[in-house]
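Here subunit A shows up in two complexes: once beside subunit B, once beside subunit C.
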Partner chain A sequence: MVIVNVSRRGFLKKAGAVGLGGSLVGLAPDKAIASEVIAASDDSMGVLVDIPNCIGCRECEAACNEANGFEVPTEEELKDKSVFAEHRRPGPHNHTTVNQFPGGGDGVEARPIYVKANCFHCNKPACVSACIVGAFRKLESGPVVYDAWKCMGCRYCMVACPFGIPTYEYDNPLTPQVRKCTLCSNEGNPNKGGVPACVKTCPKECLTYGKRNDLLARAHEKIRSEPDAYATHVYGEHEVGGTSWLYLAPKGASFEELGFLKLGTAPPPLRTERIQHGIFKYFIPPLAWYGLLGAVMWVARPNADAAMGKAES
Partner chain B sequence: MAECSGRPTTWKAWLAGKWYMDQAPGDYWRAVFTSPFNIITGIIICVGLVLTVVRFTQGLEATTNLTNDYPWGLWIGFDVLCGVALAAGGFVIGSAVHLFGMHRYHSLVRPAILTGFLGYFFVVVGLCFDLGRPWRLPYPMGAGYVVTGSNSFGVTSVMFLVGWHVAVYLTVQFLEFCPAVFEWLDRKTLRKWAIRITIGATVFGVILSTLHQSALGALFLLAEGKVHPLWYSPFIPVFFFISAVVGGLSMVIFESMLSHRVFHSQVAHHDPAEADRLVIGLGKAASVLLFTYFCLKWIGVADGQHWDLLNTPYGYWFLVEMFGFVLLPCLLYALGVRRQSASLVRFTSVLTVLGIVLNRLNVSIITFQWNLEDRYFPRWTEFAITVFVVTLGLWTFRFMVNRMPVLYDHPDYPPEH
Partner chain C sequence: MPRLFIAMLTILLGAAVAESARGQDKKMPLAMEELPCTFCHLCENPTPRYLCLRRCPRTSAASIDRKMSLKRGPDLVYLDELENLYLPVPFDHKGHAEMAKMTEGCAVCHHYTPEGAAHPACISCHEVSPKQRDMRKPSLKAAYHRQCMSCHREWSHETACGVCHPPKAGGAKSGVASRRPTKDDIVGKMHPPIPEPHTEIYEPRSKPVPGEKIIFRHKEHIHRFGLKCVDCHREDSCSRCHEKGKEHKQQTRTLAEHHKPCSTCHNVDDKNACDRCHWKEGESKPKPFDHASTGWPLSKQHVELGCRACHKRVPFHKLARKCDACHGDWKPDTFDHAVTGQVLDENHEEADCANCHANRKFDAPPKCDECHDEDDGIAFPAKRPGPEVIPSHRKNDKSTGG
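Showing the complex of A and B:
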């Protein structure tokens, strides 16, 4: 995906342009909607992923599959390293995947780096904003969840997610659903609302579940106390307005080399929601326009009878 | 067209006049089953019906090449995006005549509105193939609340806006076309009421069109990382709107050319010189708009500072679109107007329509997910369903034009001007 680095100024400029575009889709009011972009509550939960600690055992994949009722890989299959030959993305029947990337360091010391992929549970999620029926919701406690009984399957959420996370059950003809990691908050999940299955099972303390604020403090503490072990950036702290899942990379490796997208700090929904607000919250622009066009027509028509005749033709 | 005046009294008489158009039923059906056009399109429709069954029993996986990285394919890229853009003729001609008083174009209003109405209608039909659960189409309209008991208005979604607009606009276009239907059915009082509504409907239709044509572009504002930067721009709603107006104008030109060939008995009374003048007038408007569009697209590139990307394979492709399918038609339209050559304008309309189709496909499919290695290419069944839906549209159009006063004025209802 594209590498977009939207600087603050660049963003403001773009926002202005959208305002202009918005005048076609209904004038966007200048009123800031920053209030709605702010992260979920202080109690919002998340997971900190300590990438350097991950050994690529894929136990989290197995636990996730089990918790969600998918096919669970056997011990042999988990030991088979050949799965790392290709990059795997989460799918409709597996909510998380672990991929291998070439490690830094020289000679014998070089060891591969493993990165777990799943939904980031954005603070201001594009999938939630995109959904035409409001089937996606961001819970105050952190998770971004999906109500299958509302979804009509337009798949705009999949188009919108900057990380390309949601997947679709294309093989299901009558009741297809959008599937993605639920932070283990879905009905029927034995870990519902508690510590996620993947976190519970991780043998190397690579995954930590907790309040997002605490996790951020902990991440920065690790960077400070072990400057030789960690890169200084916490991925997810600011990306697309912040995410519930946070990542620490090993020193010397950049997140881009590890398959993370370089994304700006502005949440993608900011743009489109300006337009929507212009129309649904303050119905004035379309109404004003209706009035204006009506007036033009009134002036343009020579007299009522003639206008009637023309209208029919 | 031998239209019997006065309302038929029995259903047999009704059928003979309104359906068989006063031909003997035997002759009528013989002609229907022996025309080569009907045979070919009939086969397409049979294949389409079979594939429809496959689509709804085997699912999207069996009928499309869609993946989790390419959630939208041909059915959205062509059937919906191109369908809506090319059906803009109804609102463009409607507003020219009713709002800006360009009454000399009035003979084009009805065919344009009929195309617009059928265009949108079959966009929705095409969309139903793509949606995972099309029977939930009314959910965002409020049915979701009734069925699920919880709020199902996704007011933050641009898609919500598009959905509502297409639904309302479809109704508006239906109302706009009603006078023709009532003339066909000889319902004088109903027609009078329908015409009263038409005026308001036209104004309302213009607003709705402006909003959703640009909103279709705004859909892609959320996909900043996925649409190639040369096509992605905060101005994309403006681009979609202007190009839809051009697409609508070009379709009206293209269609009038086809109508003159296919339905020539109905347009026999048209003065060919006047028809040429109208076409040239439309070509002039299209040329000016294309030039504006061409300039704005470059402002988009400058705004994103993407000049360096022009020297990449996608950049060359962008240049092909910009020069071959925007600037070239713009110049050809201008040349056609200068030389007063209606045939050049008509030829250019085809090129322009192709250009609009190319643009919509570029945004939604060809450059979408441009940095992934796997590319999406539609499966044959996707093409077949698309052709099937278009064919259904053609059949309906032909059925209505043959029977209703679309291309000519009804003898009993002369336009009063």
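Showing the complex of A and C:
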């Protein structure tokens, strides 16, 4: 007769060892994933923002609101510079905002710098990765789009986005949606499939719409040809694995001073997905789990003969 | 099993070929696939090391200032491409051309002028709605706005459309009916007038001597000595003078750069001449220039004149004390003798100047003895050659003084 005394502590130790072993196999650095997700499609479209040229007229805000059916600011409201007193984030009823930052230096350099904020349309979007029902999708053509029909309102996307872009219609209790810039690719948008409204309206063409690769080439050409005007870094070229929106900053100003976050080049979903997808690789967790359960059952099986004998005796 | 291996190998090969083709595509420049190679390259076979690129039109207008003169350019230009929506934008061409001299000249705006031709209109290169998107070339709307807004937002901090585009009655934007704007609608309204500094006293930021100050008589230098704005204000930013509601900041310059505009006339290396502009706290200010210190006090109409009326060369040099040096062209039929206070009667008005003013020496009393016997009392100063009047410049004195 073998009596095995399986304590609770012992069980957890064994289960943990098996589980950890399984996940470690998947956690091994996988270069293949990294290169696969960061490379954007050649046809991926984007927008290049020439920050030094922006004059803060906020015509892009007005055009965006018009294209999305939001309240359009009047000419008088656009004139009002007091809106720049506080930093404004894109909200559920305005997908883009222009903020003012003080320019450094004396004289001409002291003039304010204006930065347009909106969804960056990442190459490897965290919102897409975080969405458990697949309501967010990254299109081959660049935009990150949202399907309200699939959305269940968990708002994981809002937590996941490194730029804090998706917003929620808290003012709409019955059919709330997550709202953010769609690069004018949403249904019902008059600019759908073409140049985004903000790009179309910009009076100085500070916004350029085109293939992301062309925009990158143009950005670097601008930096080369006007070294006194532009900082050498193109924000969005490598940040979080690359974004469809690319930004050129004025020389002497750093992106951190202009409200941009200092983010690494690795897309945030890369780490989480590596764990998630890694531990499921080669069907390991189910096998490990069922193996563990089987092993526990095997070890802790009632000794039928002994039990019988005990009963008989 | 071998069949599966061959199939996989085929897929892999196919993928590799596709990948290499994609890599080649990437090297195509900037959405310009449709353009002929000669649009950018001068030679037939450019290589990555020798691209033989054409010069960008923006930088190829070096000779423009020679070809164009301010006088030939228009005073006011109406930009009326959007006339169906707004009233035309009145552009003060002359004013901007004068200011442009202080920066990079006409080429600031007229950045492309083909050899031997008048400068082309903006619209001939910058299309209203370009058929083919060239990221390098802005559309007409952007070309105008880039040209105007970059400076204008510096001084007015206004970016609303209505500042330049007056709304038109019945246009897209509701507004009041108004006439075609004129220059009077611009200067002092759209453009804040620049207050002209009279006398400026500076305190140098890095003081060589404690309490030292520097005087610069701005108005005198402009109106009397005939300095042009561009003589000192070179490569200045527009907002230095134009910025609304802000005292302009002094620029950081080296000692040599500070003295450079002055050195055209003043000997800045002469250590004894420093006190013309520099003085110390508590001492008396340097006095303005007095022509009497040269030994020739200016009188009558000469006081009113700018220095360059007589002193043609810069720096100013001593002139021969002869009226003829400047007034060599005086003749009886071009000179109205009444301005001297002496009207010539009909016997004298035809006479040559030198008949009375011997050797054309106008500062000495006339000699009458060539025609008149002085003892008869019919010659000057006993008798005048006509009625005496109040000289014209004194008349002005009375009218302004009274």
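Keep this in mind: the second predicted complex is superposed on the first by the 260 of 313 C-alpha atoms of A that agree within 3 Å, B and C clash if a C-alpha of one lies under 4 Å from a C-alpha of the other, contacts with A are read in each partner's own complex, and residues count from 1 in each chain.
We adopt the following convention: a residue touches a chain if its C-beta (ideal position, glycine included) is under 8 Å from a C-beta of that chain, and two chains touch if they have at least 3 such contacts.
This structure is a prediction, so every number in the text was calculated from the model and none was measured.
Participant: Going by the touch definition up top, name the partner, subunit B or subunit C, that contacts more of subunit A.
Facilitator: In the superposed model, B touches more residues of subunit A.
Participant: First (subunit B), second (subunit C), both or neither: which does A:224 touch?
Facilitator: In the superposition, A:224 contacts neither subunit B nor subunit C.
Participant: For A:176, decide between first (touching subunit B), second (touching subunit C), both and neither.
Facilitator: Only subunit B; A:176 stays clear of subunit C.
Participant: Please indicate which partner A:87 is in contact with in the superposed arrangement: first for subunit B, second for subunit C, both, or neither.
Facilitator: neither
Participant: Is A:192 in contact with subunit B, with subunit C, with both, or with neither (first, second, both, neither)?
Facilitator: So A:192 meets neither subunit B nor subunit C here.
Participant: Which partner does A:160 contact after superposing on A: first (subunit B), second (subunit C), both, neither?
Facilitator: first
Participant: What residues of subunit C sit close enough to touch subunit A in their complex?
Facilitator: 22, 25-26, 29-31, 56, 133, 135-136, 138-139, 141-142, 145-146, 149-150, 153-154, 157-162, 173, 237, 239-240, 249, 251-252
Participant: Show which residues of subunit A lie in contact with subunit C when the two form their complex.
Facilitator: Residues 42, 48, 53, 55-57, 75, 78-79, 81, 106-108, 111, 202-205, 208, 210-211, 213-215, 217-218, 221, 225.
Participant: Note which residues of subunit B are touching subunit A in the complex, please.
Facilitator: Per the touch definition, subunit B meets subunit A at residues 55-62, 64, 66-69, 71-72, 97-101, 103, 106-107, 109-110, 130-134, 136-137, 139-140, 144, 148, 150-161, 163, 179, 191, 195-196, 198-199, 202-204, 206-207, 210-211, 214-215, 218-226, 228-229, 233-238, 241, 303, 369-372, 409, 413, 415-417.
Participant: For a test of understanding, state which residues of subunit A touch subunit B in their complex under the given definition.
Facilitator: Of all residues in subunit A, those touching subunit B are 1-2, 4, 13-15, 17-18, 20-22, 24-26, 89, 91-92, 126, 128-135, 147, 149-156, 158-160, 162, 164, 166-176, 261, 263, 268-269, 271-273, 275-276, 279-280, 286, 289-290, 293-294, 296-297, 300-301, 305-313.
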